[in-house]
Every structure is written in C-alpha cells, then in structure tokens.
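Read from first to last, the chains carry the letters A, B, C and D; within each, the first residue is number 1.
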C-alpha cells in the first residue's frame, strides 16, 4: 500500500459509458493482486471531495488498467482525463481473491472456476481470470449486462483465449436473461470448482445462493462508499459473519473480497 | 443584458500568465460598448461557486474577446478552456466609458485622449481605444507592467496603428518606472484632452490625482468581487460621491466606470 | 402522439396558494426587476423582495463578499432603500408580475418591524411578509432575535397583532435547537416559518491577516450549507404544524426535492440565482420532470414523505 | 550558498509542547498505524486517536457516509475496540512514535468518561485526553453534552477530578453560543478546548426518498464547514484564556493559517487526511514556507494576530 501522486496515463479506450485507462505506476503494479483496488483522486479542490475506488483490471510491465463505468461526477471527471496527464493513486488496497479457491481437496478440483461479472463488475474479474490462467487454472467467464452495449469487453476477453459466455437481459447478445440464470444453467450442465463474482448487490446475493446450493465455494467482491480506502475512517462497513459472530467489518481492509458464506444479506434490528 | 449559456470559444492565445479568448456571442457583442463587462461561469458545480467578471477587450462580427491574467482558481480554469468548447456568459453589464470625455468645449478638445492601462487593466482599454479611433478621436495608450512579460499586448496594440508608449517597473522595456510616472511626463510634455484608466487601485488613485492636477477629465474602471454582476446582491459596492453626498454604490450597475472625481478613496468612520 | 398529462406543481400554504413551490430568496433577487432580463417572474412560485427597513440603510463597507468552498460569505448589511421608496418606485412594477410577491421585513427592534408592516399594509400587491429576525449582518457579532425563542415570540406576536397579511418568520441556523424557535414562532401566531438564513461565518486573508469581509463576520450561503439546512428543516417540520419553507444551498431540482421530501412545503433559491439567474426556472422544470418520471400527478404528494425507518 | 535560518514551528499549549501545531483529528486517523504506509507520525505535532468508549462498540449500520458539496457526512457512530483492546494491542506501537499521542475519550454518561480516563491513566504513552462530548452520531437526534454549558461543566469537572493527564474538551458547533460552552469548560478546569466537531446534517436520496446515511442524521465535515468553524474559533479565542485548538475543513497551510491568525494555538486536520493521507505534512511544510516568506522566526508569533480594526 502506497501513495503514487503522479501515475501517468499512457492509454485510454472508450465504449459508450465504459472507459479503460492504463496507468503507469510500477511500485503499485508490482504489489497488486487480483481483487485489490485503487483509490483515485478525480479532482483537486473539493468537488468532489473524496477519492473514488476502482478495482485493478489488468497489469503489465509496471502499468495497471482500470475499467469503469460513468456513474456520476467523479467517474465523469475521470473519463475526461487523457494520456499524458497524471493521476494521484493509493494502492493496492484491500485483500484479493483466493486464486486457489476450490482447488485443494474439493469435490470438483480441476473443473473450471466460474467467474461471474455483471456490468462494470467485470473490472476486477478480468485480472483474476488472467492470473488464474497464468497459474494453469481453467477459467470460464460468465459476463452479463443489460444489453450488448453493457458487455463491451466481450471481444477482448474472448481474444485473451478464455472460455467466455455472455448474457444480456434484453437478449441482444448471447444468452437471453440474467447472468445468474446463465450461472444456474452452467452449473447444472457441467462441473465447476468455484465461483467468483462481482456486480450489483442483488446479483451477488443470487450468485451466492446458487453457489451454496451447488456446494461450490464462492468469493464475492463487495462495494461501499469509501471515505479513505485504507481502514482509517470506518465508513465502508458491511455485516460479516466471522467465527459465528456478526459485526460491521471494513470492506476496504478486510475486503472487498469476502467468502460468500460470510456475508450477511439482511441485518436484523 | 442577457444570458448566453453557450458562447463558443473560437480562438485562444497565450502569453505566459496572460490569456486571450474569442467568444462567439452575436447578441451580446452587438450590444456591448467599451467599459462594459461579462460575467463568465468558469465551472459547473460549485468550485468555484461564483461567476468571474471580465471586461470586453475586443469585438468583431458577433464575437467578443476577453483578455485576462491568471490570478487564482477561476482564471486558471478559464485558461484551460479550448476552442470548440462553450462558455456561459452574462453581458454586456454595467455602464461603459464616455467616449467623448473632454471633447465638448473642454480646453484641450482635439488633443489626444490618454488611455492608461496597468497590467491586466489594459483589457477593457483596448476596446475603448479602438472604438474611439473609429470615431476619429486621437488616442495615445500608456501601457505599464512590472516587467516586459507583463505587457504582452504591446506589439498588437502597436500594430493596430495607435500611438503606444510602454513602461515597466523594472525598466526591461520602454520607460523605466511606473506607468503613472509616464503619465505625468506625457501630460507635462504635450496637451491631452482626457484620461481613461484601468489597473490596480494605487495606480488608479495616482492617475486620478495627476489628471485632477492637470485639470483633465478622467474616467476610471474599478473592480470589486462580484456576487452577480447585474445589481441583485449589493455585494460589489464602492464609496461614490453623487450630488455632494457619499454612499455605497454598486460597481456592477453604476460602474465599473466612474468619473475619477466621484470616487472616494478613503472612507472615514 | 402521446398526450402528456398535466402535472400539478401547485402547493397550498393555507394562507397562500403558490403555482409551484419555488420562490426566489430575499437579498438574492434584488427588488425583483433586476431579473427581468433573464426570466418572466410570472413563472416563479413567488419571490421574496430584499430586506426592507423603515428608513433607507447605508449597509456595510466593502469588501462585502468572500468565496469559500462551495459557499459565499456576504456582509451586505441590509443596504436598502426603505419602505417609502420601495412602495413608491418599485412596488407598482411588481404588481404587474403574475406571481406571489413577499416582502422581507427587517427591524432594529420590535417597534421597527411593526412600523414597516403597518406601512406596507397600506399598499396593495403584497402576498405576505417574511419577518427577517435572523440576519447575522446587522448587530455586532451577528446576534439576532431568532437566536432565542423568547425574542422570537415577542417580535412575531407584535407583528401578528398589527399585520393584515400572513406572516412567514425566517429562522436563523445559528442556534442549538431550531425547532424550539420555530415552535415559539408558531405559538406567537406566525403563519409559516422559512429556514435557513445564513450561517455566521468568517474568512481570513492570511497575507494581510485581515478578515475577508470588512464586517469581520458575514453570512454563509450556498451549496456548502445545504446538508445542515436540510437537517434543520427536517427537525422543524417534524415539530410544528404550520408550513415550513426550506432553503439553503438549493441549486438543482434534486436539491429542492430533498427539502420537500424532508418536510418543506415550498423552497427558496438564493445564491444559486446569483450564479445562474435562471436557476429557479430550471428547478421548476426539473420538478415537473421528476413528477412525470415517478408518475406523480401532484408534486405536493411527496412533501414530508421521507422514509426514516 | 544561502543558509536557511531555522523556523521554529513549535507551539506551547502550557500543559504540552508540540513540535508543530498540526495534529491529525480524531476518527480520521484511525488508531494511528493506518497511516504508517504514508507518513512518519513523528513529523506531526501530534495525533488524536479515534474515539474510545470503555467497551467495544458496534457502530451504526451502513451506509455511513454521504458526500455533499465540499463536505462529507459521516454516521460511523463511534464503532471501536474499547479501551482494554486499545491499551493492549495498539498503544505499545504508538509509544514508538516520536509525537504527542492524544486519546479521544467517549462516554454514554459522565461515569463512562471517568472510567475510560481512569483506565487509560494506568497506561503510559499518552500525552493528553480529548473529551469527545460533541459527537452527533451517538444519541438519537444528535444531542450531546457540549450543547449545554451545564452538561459540559458536569462532565469536564468529573473527568478533571480524576485524570492525571491534561484534558482538552472538544466542542460542538451545533450551538447558539459556542464561546459560552467553552467558558463553562474552562471554569470546570479543562486545560484546552478543541473545536469544532461535525455539524449535524442530512442528505436525502430523492429516488428512494430515504436518508443517505442509515442513521438519518450524520456529522458534516470538510472544507464546506470551514468558514463557520473559523468564526467559532475566533469567538472562542476572544472569550477564554486557555488554548484553543481549531479544526473544521482544514486542507492546506493557508487554511491552517486562517485558524492560527484567528486565535487558535494549534490545529487539527480531519477529512483532508482521508483524501490525501499526507495532507498534514504538506500543511507543516507550507507553514514553514509562510514563515520564511514573512520573515517570522517563530510561527507562534502569528497566533491571534488578526486585525479586526
């Protein structure tokens, strides 16, 4: 974890409201593992005031990629940055995915790991899939979005040589329906060793239920508005079960990746 | 006076910290007279919150020029705008110069009008000089700055065919000394019909004293931080003598140009 | 062809029906005519004229304004023309506007508030008074009646006894318990409360070591104060039965909706209108658009519907 | 070669000498170690540990944060590990820092404040206590002892009677007269006051009509509040003799200088450090640069030098 106030933007790509930026930041790149994230300062002055969190989407030779969707003021400002400009980053932050989930002594060890991304949730999963494949693990990516314009990385992920199945809610590309329906189908069809997911809350809850029902280990990357990203403000908590007891746990420090079984979906009281 | 939320920037020039922008805004351009100003929104959102005032520096075919110096956040943002982008303007605002000052029945009617600009104060005076010349009046511009880099418009003003004398505090170009010392010298040397000035407060106070001592009519363009620019907030007042009585008068509405004799320099009580 | 069903934006304050809930705030809309180049005042729910004392007032020396992050400090000090000049020179013009004209009434003491109201009572074309008992720029140190329930009660009761028109009492945010002051005003008979006036504030020029406004303290307005103003409006609306008019940093329809949902019956737009003189109209359009999107026939349905489970 | 004469940035609070006047504020600096990746804590004037109750506390449900123009609303609700865990697991590490460690002390009632202080008194490595009697995120509706001079007097007197260490009382801005509360704390024996804690505030999601923080109200911090905080610090410094520590929206050296010039003896940096974890260091460097530019040998010379003629 470190501050790099002058990470240079070396490349930029755009698909509608989705953007990819490549940032040169050798020290942070060296340390980053899949599932970790960066806190990026989108403006000086105070509008907006807080940094914005983005998962590490790719890594190569001292550079990191982030892939993001324009949601509001911060992401809009970020989308306006151009190669040659610099960005102020903190990273890598949080705990990443367990790349060996479901491999040791589990029922379907050796079967593909299913990686389920909804919309911009694909961001950290691309890095995860790439690293797992480097480790020799078989990976199948399930990539869903509302419409074909919401799965802009499909060609690239395909080109990277992996098994990829797409789903769109409106049926404009690939499987017609929710990516969770696709997951259900895939799990019925053939064995899998583990499920990793990132996306909107309702999707994650369903993924978790499906994985649990199938007896598959599952890791989910969660989100929350973050004040700092490095554990100092206690602003980003989520209800998590640890050794049987529930408590408010910091997503930025103990997450953003949690074991699906530890996440409490409905808090009582 | 009107709002033009989408005045297109058609040209941009830069000399160190000084910038020139050409804005396409036919309706405002048609109405503008020398000495009037524009209120320009430099950012959406609230950082900075208020518009910034800039004198009309030039006009041609439906376009207006503004010439400004980077002083802080607002001017810095403005300097970052590029041709093709649009700006949100209100204008033309305030009352302009009396272009016939010192012409009718005054002692030196026919002698040149002296136009004294200090630093960015040259901005509205360039438009004034151009219009007076169009009206057939002889104009001599006295243009002062700290150093040669602070009188970036010297070549251009010269090229526009006018009489121009420059002064720099450090003697790096033209007369060595304050532009007010130059004014003193010029007035001693040859007759003049009137004095118009814009620049820092201490300069204006001295210009006023020199003009008064020489018995010359004098108009000054004043500044104040402005909340609105169109008379609604009463934030921009200056002590002004009117019919013998002093009061706080709105610079944006009753100015920014005032007769030198009406300005109260030190307020008592 | 789709027929757009009409959205009813009107709000009923009991004593006054507004065509929509968006008013221009006092001191930021001049006397009214200043905005004619930019908008038809008839499109507004109403506007509040700049604060009027009985006699003309000189106001504070400059500098009167300082900018802060997302905020504006002003120390204008209620410079103004006085009631006589207002009624003679400005009011006739305002009568032509097809909107509610509310006059912001100021006073150095209870007696002056009453005198101003009595004078205005003799002239037509005013929908209501807004009692400005909360201006931080007049007394040294920023004290004002709205900082105490007792002082509030006194001024409001005295004015209500004489006024032939409805009275809105404008509250100060510079208090521990704004709802208690609102309750005092309600007891004393005010027809509505509006809040907030500006927050007493300060900025220092570190090079000269002098305050950035000559009056030392001034009033902070603008988006910076919105979250505090909104909390105060919510507290007040939860406490009193009279209508609450919310303001403080409103610049967009979404900002206005926050106040309405939190319990305000109408809103005022101040500083935002200085920056964008058409802000109030954009807000009105945005409210209509919101109603369509949420299939609301009447905007007033959402007032006070905040869900605080 | 020009020899740069040393600038003395140290400030003397009477009970505590700080190497420079810049402290990290409570709740925004974690327990301390969170910032080790970014800075050497030994460069700070000091830091205030996150608020500690006697027992561990669960804190409020999320969402706990909402962003507003130039501001941050938080409703963390003092989630924390409790004194025992702090003294056992964290304090030993803090003893290695070459800076003043101040512990922010919380309590549900006077008794708990006293219990926390007594427990901490048994452990070394703490320079002073900061009594947090001003957190708006604990009681429903945001009430706290610092909203009343009487309640403040009671807590401060009780703690001062037992504490073997200096006590800084942290004041709330949600009051009519902050200087009166400061005076009450002074009478009750506090060694210094720090102000301000956060402003009680609210934001509403207009699509869901729910508050943006689950606790309904939260505390507003950040640059938005600076002008109000600065006014309060000026009022307080003009009233009490004990040192005043100023905070609220400080993000740059110039911001810090505003507070020092207005009468603060030291400052704290809160929200700015969440955004830029090195903000406090940049401020210290900026203060030194200011002293050089203004040929000041000692920064403390400027404290309270505001010119309000």
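The working rule: a contact is a pair of C-beta atoms (placed from the backbone, for glycine too) under 8 Å apart; a residue touches a chain by one contact, two chains touch by 3 or more.
This one's a predicted model, so the numbers in the text were calculated from it and none came from an experiment.
A.B. asks: Of the other chains, whose C-alpha centre is the longest way from the centre of chain D?
C.D. replies: The most remote chain is B.
A.B. asks: Rounded to a whole Å, what is the gap between the Cα centroids of chain A and chain C?
C.D. replies: Each chain's C-alpha centroid was found; their separation is 47 Å.
A.B. asks: Could you grab the centroid distance between chain C and chain D? Build each centroid from C-alpha atoms only and quote it in angstrom.
C.D. replies: The separation of the two C-alpha centroids amounts to 34 Å.
A.B. asks: What's the distance between the Cα centroids of chain B and chain C, rounded to whole Å?
C.D. replies: Chain centres of chain B and chain C, defined by C-alpha means, are spaced 36 Å apart.
A.B. asks: Spell out, as numbers or ranges, the residues of chain D touching 2 or more other chains.
C.D. replies: Correct list: 66, 69-71, 222-224.
A.B. asks: So which bits of chain A are touching at least two other chains?
C.D. replies: 45-47
A.B. asks: Once you've mapped the touching chain pairs, tell me: line, ring, star, complete or other?
C.D. replies: If you draw each chain as a dot and join those that touch, every dot ends up joined to every other.
A.B. asks: For a test of understanding, state which residues of chain D touch chain A in their complex under the given definition.
C.D. replies: Residues in contact with chain A: 27-30, 34-35, 37-38, 50, 58-59, 61-67, 69-72, 74, 76, 79, 222-224, 251, 271, 273-278.
A.B. asks: Please output the residues of chain B touching chain A within their complex, sorted ascending.
C.D. replies: Residues of chain B touching chain A: 45-47, 73.
A.B. asks: Please output the residues of chain B touching chain C within their complex, sorted ascending.
C.D. replies: Where chain B meets chain C, its residues are 1-3, 41, 46-51, 88, 90, 224-228, 230-239, 247-248, 267.
A.B. asks: Can you list the residues on chain D that touch chain C in the complex?
C.D. replies: Spelled out, the residues of chain D in touch with chain C are 66, 68-71, 73, 141, 147-148, 174-176, 199-204, 206, 208-211, 216-217, 220, 222-228, 230-231, 234-235, 249, 254, 257-258, 261-262, 290, 302, 305-308.
A.B. asks: Which chain D residues qualify as touching chain B in the complex?
C.D. replies: Residues in contact with chain B: 69-70.
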